[in-house]
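One structure, pasted below without further comment.
Think of it as A, B and C in the order they're written, each chain with its own count starting at 1.
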Amino acid sequence: MESLFLLIVEIVGTIAFAISGIRLAAAKKFDWFGAYTVGLATAIGGGTFRDILLNAPIFWMHNGWYLGVTGLSLAAVIVFKKSLVRLHNTIFIFDTIGLALFVVIGIQKTLTYGYPMWAAIMMGTITGALGGVIRDILINEVPLIFRKDVYATACIMGGIIFWVISELGCSSIVQQLVCSATVIVIRILAARYNWSIPILRGYADSKNDI
Amino acid sequence: MESLFLLIVEIVGTIAFAISGIRLAAAKKFDWFGAYTVGLATAIGGGTFRDILLNAPIFWMHNGWYLGVTGLSLAAVIVFKKSLVRLHNTIFIFDTIGLALFVVIGIQKTLTYGYPMWAAIMMGTITGALGGVIRDILINEVPLIFRKDVYATACIMGGIIFWVISELGCSSIVQQLVCSATVIVIRILAARYNWSIPILRGYADSKNDI
Amino acid sequence: MESLFLLIVEIVGTIAFAISGIRLAAAKKFDWFGAYTVGLATAIGGGTFRDILLNAPIFWMHNGWYLGVTGLSLAAVIVFKKSLVRLHNTIFIFDTIGLALFVVIGIQKTLTYGYPMWAAIMMGTITGALGGVIRDILINEVPLIFRKDVYATACIMGGIIFWVISELGCSSIVQQLVCSATVIVIRILAARYNWSIPILRGYADSKNDI
């Protein structure tokens, strides 16, 4: 029952991540193959790099549904085109819920492999946020999460809360729920109130230094 | 005998891939070191990522000829300069034959490691096509195979044919030959008749969404 | 004693690498998170990729000081802002010393894992120079080391000298010192006398070929 719920959340999150990649690829006039690839990289890129760092079997390589779900996402974007724009808020919520789950998955898997908590928080953030960085590299743009949006920061905050809850001796399910809620609430509040992280200033001319 | 033939094909394909990287690096005014690196990444990048995903020993790390052959490719580009342009069709054929071989190698290695057929097709495509994506990232261009050219699609088609032949119970050598022929024929026909994959439209303004 | 000295050099080098990433990120108006991430990737990116290729445990994943030192580097850049520019030469020296150490670490670790000398030289160069390439990819610029600066070449020269010294039967500490000195001297002379590597010419129009 619980695992069915988690599977549904993971599928929804994967779709939302894939759609974000497919839409940005479409804005760059990528063809269907390019859009599919960018969507897939957005959806599974973070978890793939986490598994490489953990030296774990890559999570999707014995499990084809990630590729199938990305294909469905591409079909949805092709068929529904601009009407997807009206679903902007829905997709944002799905994306945020998926992000929260991916962070929790990343943290727990890293702890399972015996790494310290700070490494787990970092892997949770990588699981949630690196897919978007890879997406932006593939479409040749500066990664969005480095310039605006409290996105990775929400992951890090969720991870720190996970740690605190863990130190308090709460059960695993409480950790997961509070961590997820933290990621979701911070991201939604940040989007609602335009929160941002300070920008580094005064280096406009240092571009040519090493 | 057969293995000598395969070695020659692999060398020819490696040279063609390396030259593609070196020439694009040259167009960006890279120095010799930069051009060599881009050429090498183009030639071995796909197989390297495949081996990382498979958790296999990296194929070139006990075998120095890939580095040497890339060096020869660089020397050829330096010495023959523009006269290489006249060899455009020859290089295209070498590149296509190399692509076909890399796809077959990728598929077979993945199956050897116990992964399902769909994963093998994906790894075959990665082996053949990812080097070009890495090349384009290194020269800071949008990856060509996401926007034009039936390149990765030829790999996927070859992989599907490999699968079909395999289900029909044909011998390994037949699988390899028919898969290779599929990749080669599709790529050549696509270049000859300007085949392309549909482009996603109508998202020109979605660039700033996540 | 020796290991304390090496630790200090590694910390100084990590700071110099991180600052180079943070400053270039600042020139691109990245926020603090983005700058931190680029700084971290610059500092640990090369060694991370080396460890992935070697299938070794990632060197920083059980050792949090790399993340802490990158945080200190970010704080220094935020607090001292433009006055860091006056420290340009100091940072250059720290960066160069760090580079030399990273090359030696990369070579020795690769030899420990049983790879041949040419692979060790390549891994030493990757350890020293790949972080800067990842940095430039993240800020969406053409990698600097492919177009100017005798940077990777200094690593390769250091590696070759390491090899020669090794063939001469010198002790390990002599190998390390002479290799480091080679990297440092070549890099400083190259910066002083504007050495550069020849550029490939005559391909300005080959951009659209594969």
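Observations, loosely collected:
Criterion: a residue touches a chain if its C-beta (ideal position, glycine included) is under 8 Å from a C-beta of that chain, and two chains touch if they have at least 3 such contacts.
Please read these numbers as outputs of a predicted model, since none were measured by experiment.
Shared residue numbers account for under half of those found at the interface formed by subunit B and subunit C, and the copies are therefore classed as meeting with different residues.
Simply put, subunit A must spin 120° to overlay its Cα atoms on subunit C, rounded in steps of 5.
Centroids of subunit B and subunit C (each the mean of its C-alpha atoms) stand 29 Å apart. Of all residues in subunit B, those touching 2 or more other chains are 52, 55, 137, 140, listed in ascending order. For subunit C in complex with subunit A, the residues that touch the partner chain are 20, 22-35, 37-38, 48, 52, 55, 57-58, 61-62, 64, 67, 77-78, 81-82, 85, 88, 92, 95, 132, 137-140, 144, 149, 151. Those residues of subunit A lying in contact with subunit C across their complex are 52-53, 55, 115-116, 118-119, 122, 133, 137, 140-143, 145-148, 152-153, 196-207, 209-210.
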